[in-house]
Every structure is written in structure tokens, then in C-alpha cells.
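Got some structures for you, see below.
Next, two complexes with chain A in common: one pairs it with chain B, the other with chain C.
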Partner chain A sequence: MATSPPEPGGPPAGAAPRERDAAGLGRLGATAFVVPALLLIAAFLVFPALWTIYLGATDYRLTGLAAVDPQFVGAENVERALDDDGFTNSLGLTLQFVLGSAVIGQAGLGFAIAWVLRDRRGFGRRLIEAMVLLAWILPSSVIAFLWIALLDRDDGTLNALLSTPGTAWLLEHPMLSLIVFNIWRGTAFSMMLYAAALGNVPPSQLETARLAGASSWQQLRDVVFPRIRGHVLTNLLLISLWTFNDFTPFLLTGGGPEDRTEIMPVFIYETALFGGELGFGAAISVLMLLINLVIAVVYARLLRRRKDVDR
Partner chain B sequence: MRVLTRRLVALTGALALSGTVAACGSGGDGDSGAIELTISMNAIAGGKNAVEADWIEQWVIPRFEEERAAAGVEVDVTFEPSGVDDEQYKSRLALDLQSGAGPDLYTLDGIWLGEFAQAGYVEPLERTDPDYAAWEGWEQIPEAVQALATFDGARHGIPAGTDGRVLYFNRQLFAEAGLPADWQPASWDEIVEAAEVLAALDGVTPIQLNAGTAMGEATTMQGVLPLLAGAGEEIHTEGAGWTGDSAGLERVLGLYAEIYGAGLGDRQLQQETQGRDKSFEEFAAGKIGILLESDYFWRSVVNPAGGVAPMEDRDENVGYALIPAAEPGAGLGGSDHVSTSGGNVRVVNPAGDHSDLAWELLAFMHSAEAVTALVGDDPRITARADVNEALLGDDPMLTFVNERVLPLTSYRPALDVYPRVSVLLQEATAAVVAGGDPAEAAADYREGLEEVVDGDIAP
Partner chain C sequence: MADLTLAALTKVYPGGVRALDSVELTVADGEFFALLGPSGCGKTTLLRTLAGLETATSGAVLLGGTDVTAVPPGRRDVAMVFQDYALFPHMTVTDNIAYPLRIRKVPGRERRERAADTAAELGLGDHLGRRPDQLSGGQQQRVALARAMACHPRAFLFDEPLSNLDARMRLEARTFLKRLQRELGVTTVFVTHDQAEALALADRIAVMEQGRIRQLGTPAEVFRRPANTFVASFIGSTPMNLLPGTAEGGAVRVADTALPTPEGLALAEGEKLTYGIRPEYLTFHQEPVAGALAGEVRVVENLGSSQLVTLEGPAGEVRVVVDEDTALAPGTAGHALPRADRALVYRDGELLGPPGYETPATGTRTP
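Entry: the complex of A and B
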């Protein structure tokens, strides 16, 4: 995080300025290098965020009188959101989605695949990796179409395989279907990251542990995990954040049936665009931004604690 | 780590490549110096409202360009087709218009007129062309139909046409179940009785009565509102306000409970994202017995020529009946049968650079000649009386709607909050179809209504 205090283990206070200016650019040169990036960030990140906060405090609408002449309503939208069943419902569903599909599903399955494949080479490994990667790189719209065909009530592939004709998976088990879908969709990233991380565990240490009679589980816990803890946390941070903001489920269920898969991005989309309530939608977006920040801060703290321990 | 890096590079390359390919697809603008106009409609060749899309591309655009060229003005008209749900079309259109862009000329559902006009996306025609009233077409369009394009007492556009709702039924299934081929129920009970008889057929859903939010406005228009009219009530009474959890609304929700509670309708179909399209396919495949729809269903869905779910034997096998009141004489104004109507309106975008020319194009599109070309061999009820008179005689169904349905129909209020009230009604039906209590759903509806209409509820 950019705002974090200087690390305690950094260069001692009072070190010569020359030493701190490792690139030798000087204050002016460094500023010149940083300014374009800062301007871009200001234009495309800071300004939209502030604008969203402002919009969230108005009753701006897509159509009608409030589209021409929005009124300032202060925190009314936020109060309404916190009091709105739709909001709490979508927050709950989003947490289910993040925990189920990202934290448990993708991270777990990704690690499992990476662990199983760690010593293997050759065609089998390439094939599995290719399949997992393919799920990740195909465009969402294509994937959504494939899954709708897979789960369809009348002619779905899954029903044909399981001999359960007439089961409408996306209607009867909507959240579960989406979680399974998203595990399949996003495991590749965790798999690749863990595969790289496992490569960093010195084989000699594993060998020693094995000679000392450690079981697989003990090896994992005491040798592998301490080595890759940073990777695990970084992975969890990234996949939690982007699963939290993922919009692909909309392509499968459109938030339905009723609002049983209306995760937060879908809720905002429905409210702001279909419902036309841009102001209220912006207020929910701000709340969502805050939740994202909380997630990021929690992980960042865990990461920093790890660094302190390492030292 | 090296493996990972190499893979990432390959991946980035692939992503960049697909980005480039996508970028090549767009772009390309006129550089001929001609005045450019765009038309936007929820119609697309080979898909939704294909007839209209073909008419715009093959008749309107070339002829208008030719006519203007003869007058010495070079015009380049482009059509922006679209084939999505009406709600999606609406939000995309509103977003375009809000950013000050959008098509020069577009079609919108009559019920959106209020909110679009208040937002300034449409203006009274008077402001586009002070001489607009001189257009010859106005005297051909009946008052009631003109009201579709009127907001706050001013005409904002030209109505594209109107429609009427009936109960469609599959004659073949009716024959198998021993029901009459010229079925005309006189009350809701008779509908339910027929559905119960149909339930004996294997693999047949007796009745499709739109419900839930996934169907959008189709739930309100082909479900709640005609039924409410059948119970003798309007959703908004001029001078009194909106209808709350009235006795009529509870009866309507009670009918939903009766049909879906007894398994006479397919609950899940009402929840599916593509539920409405699926219901059309099932009707065409002989899996649905009775279906409440507008004449759109006859023209654009089961039409053997160009329908989205064509039925070769439409003329013999698709029957239609007037929608009965709850019981004889219980309908709106003491009527025995009811219907609801809507219609599209075509308007000019005031933010366009050439709105005067766009108005000329709009008037051109609604000349008798143009409307006749649109109708072609495929009759529909147009806004123009002269065209209807000349062409409807060929089609018994549309004549039926024109002569028997339109006189007893009712229109939705052209008020800007209507779409939000409509969503509340959809949610109430969703609750009942999912097994909820009608009275409770009606009470929830009223609670939402109070917020949306700010207390303007009929006593």
C-alpha cells in the first residue's frame, strides 16, 4: 500500500542522501519520471472514484426529471442501501461466491493440481495444464454460452451424462452452479502461481523431511507451506478481489431466478442501468469499493506480518 | 519461475492479438461529406422484428437517400440494428442519449415516453419543426393511437402502430383433449377448467401466463394488466391515483396462485432468463396449450414466413379468443371481455445535428406508401387508418384484433413512474408463483408502491 509507514528494517535514519537516491536522478529528474504516471492515475482512477462518491450523494437517474436536474441528497442513498434487503442479500451472496469459488475452490484446486503435477513432466502434465488454462483464457461470453448449454434443462449435456432429465441446474442450485463454474473458470491462475512457488521449495529440504519420516501432510505443513506463505497470501488477495468484482455470472443467470444470484456487481448493474437509479447505484459502488479496501488491507497486514517474521 | 514467465508472455501475446482483432472489427466512418443520419430500433435482420429491419435497410434508406439526392442534398442514413430484450435496449439507448450522443431517430415503447421526455431525450415535435402539424399523416392516425406519442399534451413523435392482446390456443391439443376448436371462455373459471382438461395430455403445459421479473414488461402487459382489467380495475385511475393492494389485484394474484399452485403452468419457465423465447418455442412445438399474447405473437413469432418460432400450420392450428373478464360483466366498465394495448413511438433525438432532416425522414417513414411497404405481404395493424383499411382484410386474425379487440382495449398510463410500478407488479407475481400468499404479495406490492409513487395511491 502506498500509504504504509516506512518499514522498520529500511535504511537507518540519517543515511547520506546519495545512498537513498540509488538511481542518481535527483529530485527533479525523479519527479519528471513520476509525474506522467501520477497524472494518468489521477485522470483514470482518482477522478472517477471521487466522481462516483459525488454521484452517490445525488438522486441522479438515467431518465426522467432527475436526469436533467439531479438533487443533492447527502448520505440518504447509503442509508437506504444499508437498509435495503437487496443490498444485504447481494453482499451475502458475494461473500459465498468469493469464499466458495475463490478462497476454497480455486486456491484449493489450483494448489492440488500444482502439487500433484510438481514432479511430473511430459504429455500428461502439458495436457492438464492446457485444459485448465483454456478455461481461463477463453472469452467470458463464449464460456457462458458453453455453460448454459451444459446446464440447460431440456437438452443440457450434464443432464444427459447424469441421466437427470429436466433438472434446471441454474434455477434449482443457482449459487452452487455459479461457484462450480467459477472454480473451473479461474483455477488456472492459482495453479500457475503455486506451480512456480513449489519450484522454489528446495528439494533437499523435502528429501531431508522424508528421510526423517515425515508424512506427506507433515511435509506440506512444515516444509512447503512456510516457504510459499507469501505466494498463498498474494494469490488469495488477487483472486478474492477479482472474484468479488466478477461480472461473468450475469451472463449465465442474469442475477436470477428472482435475485438468488444477484451478487454485488450484478446488483449494481441492475439498479443503476436497468432500474435507472444511477445515484443509488453509485452509492452502492462506493460501499463496494470500501469492502474491497478492507479485504486488501487485511491481506496486506498478513503479508507484512510474514515479512516481519521472516526477518 | 521461468516456465511461468514464458507462459505469461505467451498469454499476454494471445490477449493482445485478440484485442487487435476486435479493434479491426469496428471503425469506418463516412468521409463523403454527406449529412449522416442514424436510425436505431430493436430490430435486426434475421432476428427480432426482422420485417422492420429489412424494411428500414431495403426500402426506407435507399428511397429516402434517393429522394433527398434528387432535391440536391446528399444524405447518408445508417441503421443500427439490435435484437435484445426491450429492457436492455432501453438502458443502452438511455445511456447513449444521456451522453449527448445516440441515434438521430429511434423507436421507443410508448410507456417510456414520459421519462424520456422529462430527461430531455425527446422534445415536443413543435420544437423540432414548427410546421410539424402540417404533415398529412396526422389525420389518418386515430386519436387513441396518437395518445401513445403524446406527453404533457404535446405530440413528441409518430406512433408506429398499436396492438391488442388475446388468448392463443393450440387447436390440435384442444382436439386431443376434447375441447372445442372455437373455444371462447366467458370467465376465468372456464380458462382454468380448460387448463385442467389439457393437463391430462402427456408432456403438455396447459397454460403459459407470464410471471416474474425475468419476463420484464411482458409479465405486466400479457399478465397482470389484462387480468386486472378483467377484475374491473385499472392500474392508474385518472384523478384518483395508482391502484394499491385492491380487491382486484388480490383476485389477479389469486388466479396466478391457482394456475401455478396446481401445476397448470411451468413455474421454472417464468424464472429462466430466456423464458419468454422458450415459451414461444414450446407453443410452436405443441407443448403449451394456452398462451396470452399480443398480435405480435401471430405476426412475428409463429408466422410461417419469418417468425422466430414458425408454425407451418399456423392458420389452421393456432386459435385465438378474447380475454374474458373474471366473470361476465365484471370487466372494466362492466364489459365481458378485455384487452390491453401498447405500441411503439418513433421519435427524433433533439441532440442530433440535423434534427430537422431527421423529422423529414420520420415523416417519410410514416407516409402511406412507406407504411404499405412495411406491411408488404405480412399484414400488421399500423397507426394509419387508410393503410389498415386497404390491407388488413387479408388476415383474419388481425382483422379480429382491429375490429373486436381494439374497441374494448385499455392503455397503460404514460407516466414516468409507470415502469417502476410495472416492476413491482412483476415482483408480486414472482412471489406468488414461487408459492407465496397472494394477500401477502399484494401487501408487499403496496409497500413498494408507496415509495415509488410518493403516496399517490387511490383510496
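Entry: the complex of A and C
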């Protein structure tokens, strides 16, 4: 950009336009840099999403006549889903799964571990962190196999430990098993996030509370939680969404027995690929996307309210 | 309100660091007491052990005559003000001040009234509804003080109370703290690394080094008669001149000058000694004087109403405080004459006193 030399003492000429174009690329150059990324996002995110919405409004099937020539049916799929017992059952199970394993289980256990370990250093802490992290980094298929072996009816490790031979955990308590499984699997993230958050709580504030005679619970309520509220909300948002969309339970139970673990992603998979109803499955996917959006908006609202209060 | 006693208090951290080494100390009821020392000397550990935030490895802490060594911090009835004030950012001034009362289940109305009263005493009456980040540093400190005062503890513990304030506020807050402590009459122990702060505020000072108390005394005692070369070099805004010398005919010979000594010292002829004299107690002469240290003016530092002159001569570097009217230029010759009654003589790092003089290390409180 051509600018006249700034006059001494006066504001430099051309300062305002330069501020708007900090990198000095010009409109064309900047566009050229952004376009490839936008194209990738369009091709792999926006287009599939729009395509799913379109599919959800057709009677598209995996096989048969409708596979060749899908007909536009409008909101019929959505109406059908909302009337479908399978859908409402699946939604209820998903909520159980998210609340039980993520919001209560992972966040609660993760915070508890982080709180207990907050002052510890050395081998014990590293060992516990390593164990928790290991559950997080192992591939789902490996983990599914380990848990099937753990919960097996005949030679399962759990039955051997509890001396309860013949208990088929995945058949008798399928949702409970999945919730425990997912707590074990996903606690690491919450633990690490809360450990970092607790590091931000000034020790002097905790000590002030202790000197005033505050119990551990009062210290948590008055000093720790107000301080890490933002971390808690961010953590809950992320793990809720991840758990909502998690497909790993399918590897353990396949949705059974009798649809008792058919959480939303599994339900869609069964409907669209085994049932062959791609259009119906796509419509449910869109509904699921909307539920995710609602969750995200609720958390975002809570986070924003916190900032307003802070101000 | 209560007196404080430490009996053979020892604190060894895991890993073997001996932060406190059998410290014996008594702080009288209502006394304003300073723990002074360089960083890592154990002063903060001592304060935290008094508060109960650290547990002593051995020894005992007595508060008002009762052993509180094993009593948790919340039941010791002491209040601590931290260096960063530790105000709760999500609470208003009122809620912050009333927090200890809330933990003690004082009814809401009463605790708000008491918080408002305490705040008014400290000039915070107009800020009750504000949050800590809307207050200046000095106001934040007063909120922390008010929180400590609100539940009428038996002792106050201050950790570096002035170090988070800017230089101007610090002087103001120093005077304020001293007056407040006088008015409340509550036993107060504070930690500082700033010798000027300790001298200005405290009734008595314990100078610490490596977990031990090196000298205990009033500010005047500690300033005038540092018990050892460590205290001598630590106390005073301009460090004391400590010159190696030998005893010769009742005087101390440093380089080729025989320096005057205070009366009544028994010096063995020829022994190695350290001669200590504060820059303030040397008089500067441009002409040679008997018993004066000669040297060349190397550095002149303006201190406002005086100047600090560094002379370099056969005795090494000697610092002298010279009044503002003397015109001085680096490179000229100068002579520094010690005041005999203010000179201190150290043998093996320990102060030599005239016979019968009470050794300063056990100095008692003079009101």
C-alpha cells in the first residue's frame, strides 16, 4: 500500500485503512488464502449436512425401487419418527446414557480424582493418571473386547472377582453396564480439565477459607466452584455432545438385548443400514443434530450469563 | 487476644529441607512482631505453622497458654492476611468481610451489620456492594484486614502485608497498619523481607536465616547492635561496611589505618576481627584525618537529602553517607572517619560487647 511519509507530530497518513488490513494482503490476496479452507469445509461438512437434510425429506432406501428413484415426501419422515416408539425409546435411553455416564459419572469422578490428587506429587499421582489416560487412548475396538471379556457370563473377570458366576451383566443390566463402561472410558478428559482448572484456584483463597473454619465441602462451594464454573460448563458441554454421539456401545451390546441399549446413533445405524431406510435414518439424524444444537445453546447461554454476572 | 509461644519448633519438609530449626520464641500479648529475613529463611513457614497451615515436625505452638500444635487452622482462632489478600472475586465487599462469620453460622442480618461496622472503621463504608476487582490495591488490602478483624481473633498473622502495594501507597498503609494495630491491641505477627518495613512497624523483630533466629530485639537494638555480621549486613537501607582487620593496641587495624573502637572491648593483640560501621556513622573529609580510611571517590549516588559515596582505597570499598551540600566528583580523594561509639567489632561473625553488656541475641522487649 502506498502511503505518504507520516508528518512529524501528526497522525500517520493512511493509518486507518492499514488497521483494517493488518496483514497487507488486499482483498484478493486474503480471499485466495481463505478459499481452499472454505472449499474443504463446504465439501466435507456443509454439503453432507445439506444432503442429509435432503435425504431426510425423501423415501430413499438402500435397495429396491426407492433406491433408484427416491420420492420427495417432505416432513413425513420426521412425523413418523416422533410417533415411533423406537425413536422415543432410543431418545430416553440416550438421555439416561448421557446423564448417567457423562454429566454425573465422568464429570463427577473426573473432578473427584482431580480434587484428591491436587496436592499430590510423585509416583502415586502419575500411576493413577496413567491408568485413567490409558482407558482414554486405547482404540474402541480393543476396549470393547476387554469389556466383553470382563463382563462375560461364563469366564468373565468381574464374575470371578465378585463370586457371582453365571451373571450375564450385558444381558441383565445392559444400560448400567454401558454407563459404567463409558465412565471408565471417558473420565480422563474431565480429570485433566479439572486438574488444570484446580491449578488456577489460588491456594491463599482456600487457606483463607480453612482459617475461617470452612469444611472441605464449604471450601468447594465457596472458593472452588465459583472459580471453575466456566470450566465445568465447558467440560459438560463437550462430554455431553461426545457421549450423545458415541457409537462405541454398539460394539459391546449391538443395541440389545431387545433394544434396551439402542441409543440414538445405534438406532440410526440399525434403521438406515440394517433396515435399509436411508431417508428415515437421515431424518432422525437431522433430529439428533437439532438436539445437539439445543444442548450447545443451553450451555452457551449459561456460560454467557456467567460472564454477565462477573461484570 | 493472647500471647504466642513457640517451643523448639522444627519443620522439615519432605525431601529433607529443614525450614525451621528448633525455633524458640515468645510474642507478648498485644505485641506487633516482625519476622524478617531473606527469601528461603523460613519466616513464611514459621507464620504458616502458627496458622496451622503447616504441621510442625516437632516442637509446640502455644496460643494464650494452650497447646494448639495439633489444632486445625479453623479452630485456632487466628486470622491471616495473605500477600495477595485472597479476596473471593465473586463476592461483594460485605460478603467477603462476613465470610468467617458465615462459616460460624452467625445469622445473616447480624453478620452484615458487623461487616458494615468493620468496613466503616477502615474507611470502606462506601464500597460495600463492590467486588474486589472494582477496588484499588489499598482498598483490597483493607477489605482483607476487615475480614480478619470481623471475627475478633486472638492473633493476626500478616504475610508480606505491604509488598503488593505501590511505593506511595506502601508508606500510607504502613502508618495505617501501625495505628490500627495499636488501637486494636491484638497480638500481631507479620512476615517481611524488607528491613525498613520491619524497623518501622514492629515492636520487636526476629531476624531469621536458614530456619534459625539470628537476632531477636527491638528495632533500635537490631539496628544499633546487630548481633552478628549476617544481621549487620541485612539491616539498614545502606548496607553496613564490614572491614576485615586485626587487633592492635586496643584499636582495629584495617589495611594501614588504626580505627577507633568503642570503649571497654577486650581485644587480644593480633586476632582477626571484622570492623563494622554504617555509612551514616562515617564522616567524610577531603583532607587527611587521623584514624580515617583513605580512598578515592568512585561512585556518588544521590539519595535526595544526602549522597552515598563509595570510596575505594587500601581497605577495599567503603561506603559513606555525605550530606547534600558537599560537592563531590568521582576521582577525587576522600577520607572517612568512623564514630567510635557507633563502631562494632565482630569476632568470628559474632558481636563483641563491652564486659557486662547483655548479649543482644537474647534481647528482651523494651516497651
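Annotations
We take it that the second predicted complex is superposed on the first by the 274 of 311 C-alpha atoms of A that agree within 3 Å, B and C clash if a C-alpha of one lies under 4 Å from a C-alpha of the other, contacts with A are read in each partner's own complex, and residues count from 1 in each chain.
Just so it is clear, a residue touches a chain if its C-beta (ideal position, glycine included) is under 8 Å from a C-beta of that chain, and two chains touch if they have at least 3 such contacts.
All values reported here derive from a predicted model rather than from experimental measurement.
After superposition on chain A, the partners chain B and chain C are accommodated together without colliding. A count of residues in chain A touched by chain B and by chain C gives the higher number to B.
Look at A:Q218: by the touch rule set out above, it reaches chain C but stays clear of chain B.
Legend: residue contacts after superposition of the two complexes on their common chain; A:N200 is shown touching chain B, with no touch to chain C. In the superposition on chain A, contact is made by A:R210 with chain C only, not with chain B. Touch criterion met: A:P226 reaches chain C, while chain B stays clear of it.
In the superposed model, A:L171 lies in contact with chain B only, and not with chain C. Contacts of A:R125 after superposition: neither chain B nor chain C is touched. Figure legend note: chain B and chain C, brought together by superposition on chain A, show a least Cα distance of 21 Å. Across the complex, chain C is touched by residues 202, 204-205, 207-214, 218, 222-223, 226-227, 309-310 of chain A. Chain contact summary for the complex, chain C toward chain A: residues 51-53, 72-76, 78-80, 82-90, 99-100, 103-104, 147, 151.
Touching chain A in their complex are the following residues of chain B: 1, 3-4, 7, 11, 14-15, 18, 87-88, 91, 94-95, 98, 112, 114-116, 118-121, 212-214, 268, 271-273, 416, 420, 423, 430, 434.
Taken in their complex, chain A has these residues touching chain B: 61-65, 67-68, 133, 137, 139, 153, 168, 170-171, 192-193, 195-196, 199-200, 253-254, 256-258, 273-276.
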